[in-house]
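The chains carry the letters A, B, C and D, assigned in the order they are written, with residues numbered from 1 in each.
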């Protein structure tokens, strides 16, 4: 109930893939309101390349994150390539030697991802980017660690924080990316990156939770 | 009642100008159905240049026809420049030495205009062009001369023939000009040139008729 | 109508004014406001003239320049220039060795050129003409004299202009240009109509989801309206009409020109050419040179034309000669 | 969507394939499918690289060639190329004297270039960058670092490419390109939106009868939406934003570039330029050279951009040097 096996983590990656694929049109729609309407296509492309390439492969959670990140970084371009590429690769590096991933490790992974992102973008919380989803999610995990919460409870906190973070972008004015040129006119609409980040984190949390349940079933 | 004075013919020219101006949009609309939709604009341009240039001038019917024809030929281009330019200039040449214009002269003028046109276009009656209006109008005048009809009766015949000619184009397939590329698809619609030609001849007939009435009033 | 205009009636004059300011290294004005001439000298060689309606940028004025046309008569939008403009263009291009007037087969142009040639004759200027009729879709093969001239005119000008600049006689220039157009076939596919500024609404319709095969540069209807196809199918359709008409066969060497009709993104022209090249090469026909871009447009129509010209030694040498006009520059 | 497409996901690759076939006298492919290089040698001189999203034809690949860029990284439509593509472009343009990467200020490009520069450093290739930020409408003057790069990039490439070909050092090339962009200001007016092929509908709206002043190349909203104006008023509006920002003043010598956004008929660009020229000249500013045409587009958007660059002796010499790229040829 406290950990999941790194080598079983392929399921997590493929649930992330499916979540992005299912939301392709929605994400483009969100991006279309104040951006250029391609966020769904951008994300879907990278995630689907990963799916095709690793469908038949045995791959661990951290190796998969690194591979997915590398695909985004080297084959997708745009903003999403470097942004999600950096987050995922740095997440992977933070735990690549682990067989079992517990809350502490997972929390460190996400923090490292956020740090990596800060190295390449200047956006802070409140700037109406995916940082508004990712940063509170990281905080939620860190707090859960501090408060000794269980992994599954922590995941629920993370999801809630991510959702709240995503929702917060609605009332913000964009400061980075294409929508930033809109100024006040960008208010009132979700940020596309914050939305996709929430979708990814939610899929991650839900499928980790499934693995935890399975683990605990095995243990019992 | 049998003639009008050449030097009083400016009124005829300006009634032709007005008729074209009033029908600018209509002619473009007709041309738009199977041509490129500019016939009204093309005609209007030349006729309006003439209006502007000769509004304040004293000019006879034949001199006016020659000037209008020259403007069309040298300043308007397209198909209408050479076509109407040739018709009008040749009409003028057939009577430039006349002080009084009677039915015989007028009939010869229009015949000469049609001949001039034949020199530059290959279209015959039935090819869905302005020839379908002009040729029967010429025939009607020639017949009226043969039958010794009065000028005003002849003008009525000419108008009827021109109208019938214009209407005949509806059921024809275009053989010349842009609409000819349509083949069967050009059937069912009036020809733009035949329509403008009918408008011009009708205006001509009506204002000649006014002059004739005035002449006869003077004589009585 | 989302357009950059002042009074639509003045658009041609304003355009010419802007054009002359921008390209004063290549062109200059003449005393006739509707005639533009090249800065190249025509002294002691044949002059090359063309002319046509406006709205086909870079045609027609964009093809004035070194080894291309020497003077151009400019008409209103989609309307032939006046006879006087053609005549004045002949005068501007006359260097004493005669003038080759290379133009497209439209009734207005035919009439005005005919009258202008007469005027020139009276003044002792010898003018001979070639009438481009490369548009396969505009009449059956046995009525080639009825076919319109489309983007193949660009190749005709290139050949005629180059030949004139080699010092050839008027007959030689005319023969080369005539051979160029005789060896050339084109077809267009239209995807959206265009709006004449003075009219304000499209004067023909192409329904969303359909395309018009064989459309003319003024929206003259084509041979078939059919459902919109993929780029590859459009390529096949165009190649299948153009190649058999000449016919171009295995072993031939050709020039291929793919032109956009105006508003189609140039990126898509390359997508189309990619497949056209594959299809033509697969038939054993060698593409010596290709041109892809907006060479002959119709305001903001969407769609594209394909033009193929068969080369022989003379045409090959002439097509490869440098050119410096606004619409065609090659080193 | 009336477009010439196969699978929208493959459009960039198909376009590149067609482009390479057509322009094999100027460009060649590299082992990275998304990197196109010039046929000109970079041996023993600085190489010039750019890159950006697709859909801006002739930008970016159209500016590869003699005295222009040496290699270009190609992205998806309106999306930055990958870091790896930039890196491979650096390698392709590296002749041992370093590489100048001259690109536009977009967040994706900034990130990918930054990563690529790091990769290059590891391999011992020295890369320095200039980020174009000529779009006056995209941020206030005191935040120039936030401004987008638009059509002024073409002038930056012309200057950088010419300087590199004169054998200048990397720092000299960078300084010239930086000066070029520092001396350059642009603004765009959008009249219609564009449709990304993979999306299928416009992702922003410009209502019929209105225009968007200051619009970006990807439809980034401008500074003002107002009722559609005459060409002359648009010209005034553009000139009135661009001139005071630098500011360009009486006695200055400048280059003016008017680019269409894609679907606006080129004829209308000349109408616009005609008035722009009048307004600029009336201020006592001398136009040394002007470019009017589709130099930097956004698929099938309608509208136009105005770019003005102030010249000094160095820039004047460099802008006048010949160039042979698909998008810019001058003798």
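Just so we're on the same page, a residue touches a chain if its C-beta (ideal position, glycine included) is under 8 Å from a C-beta of that chain, and two chains touch if they have at least 3 such contacts.
All figures in this text were calculated on a predicted structure; none of them were measured in a lab.
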| item | value |
| --- | --- |
| Mutual neighbours - chains that touch chain B and chain C alike | none |
| Minimal step count in the chain contact network, chain A to chain C | 2 |
| Maximum centroid distance from chain C, chain identifier (CA atoms) | A |
| Whole-Å gap separating chain B and chain D, where each centre is the average of the chain's CA atoms | 55 |
| Distance from chain D to chain A - Cα centre to Cα centre, in angstrom | 34 |
| Rounded Å distance between chain A and chain B, as computed from the means of their C-alpha atoms | 78 |
| Length of the line joining the C-alpha centres of chain C and chain D, rounded to whole Å | 29 |
| Multi-partner residues of chain C (each touching 2 or more other chains) | none |
| Residue list for chain B, restricted to those that touch at least two other chains | none |
| Category of the chain touch graph - line, ring, star, complete, other | line |
| Every chain pair in contact, whichever chains are involved | A-D, B-C, C-D |
| Touch list for chain C against partner chain D, complex | 2-6, 11, 14-19, 21-22, 54-55, 57-58, 191-192, 206, 208, 211, 228, 230-232, 234, 262-275, 277, 290-292, 294, 297, 299-300, 302-304, 324, 329-331 |
| Touching residues on chain C, where the partner in the complex is chain B | 9, 53, 75-85, 106-108, 111-112, 114-115, 138-139, 146, 148, 196, 198-199, 203-204, 216, 218-221 |
| Partner chain C, residues of chain B touching it in the complex | 28, 31-32, 35-38, 41-42, 45, 73-83, 120-121, 176-178, 180-182, 185 |
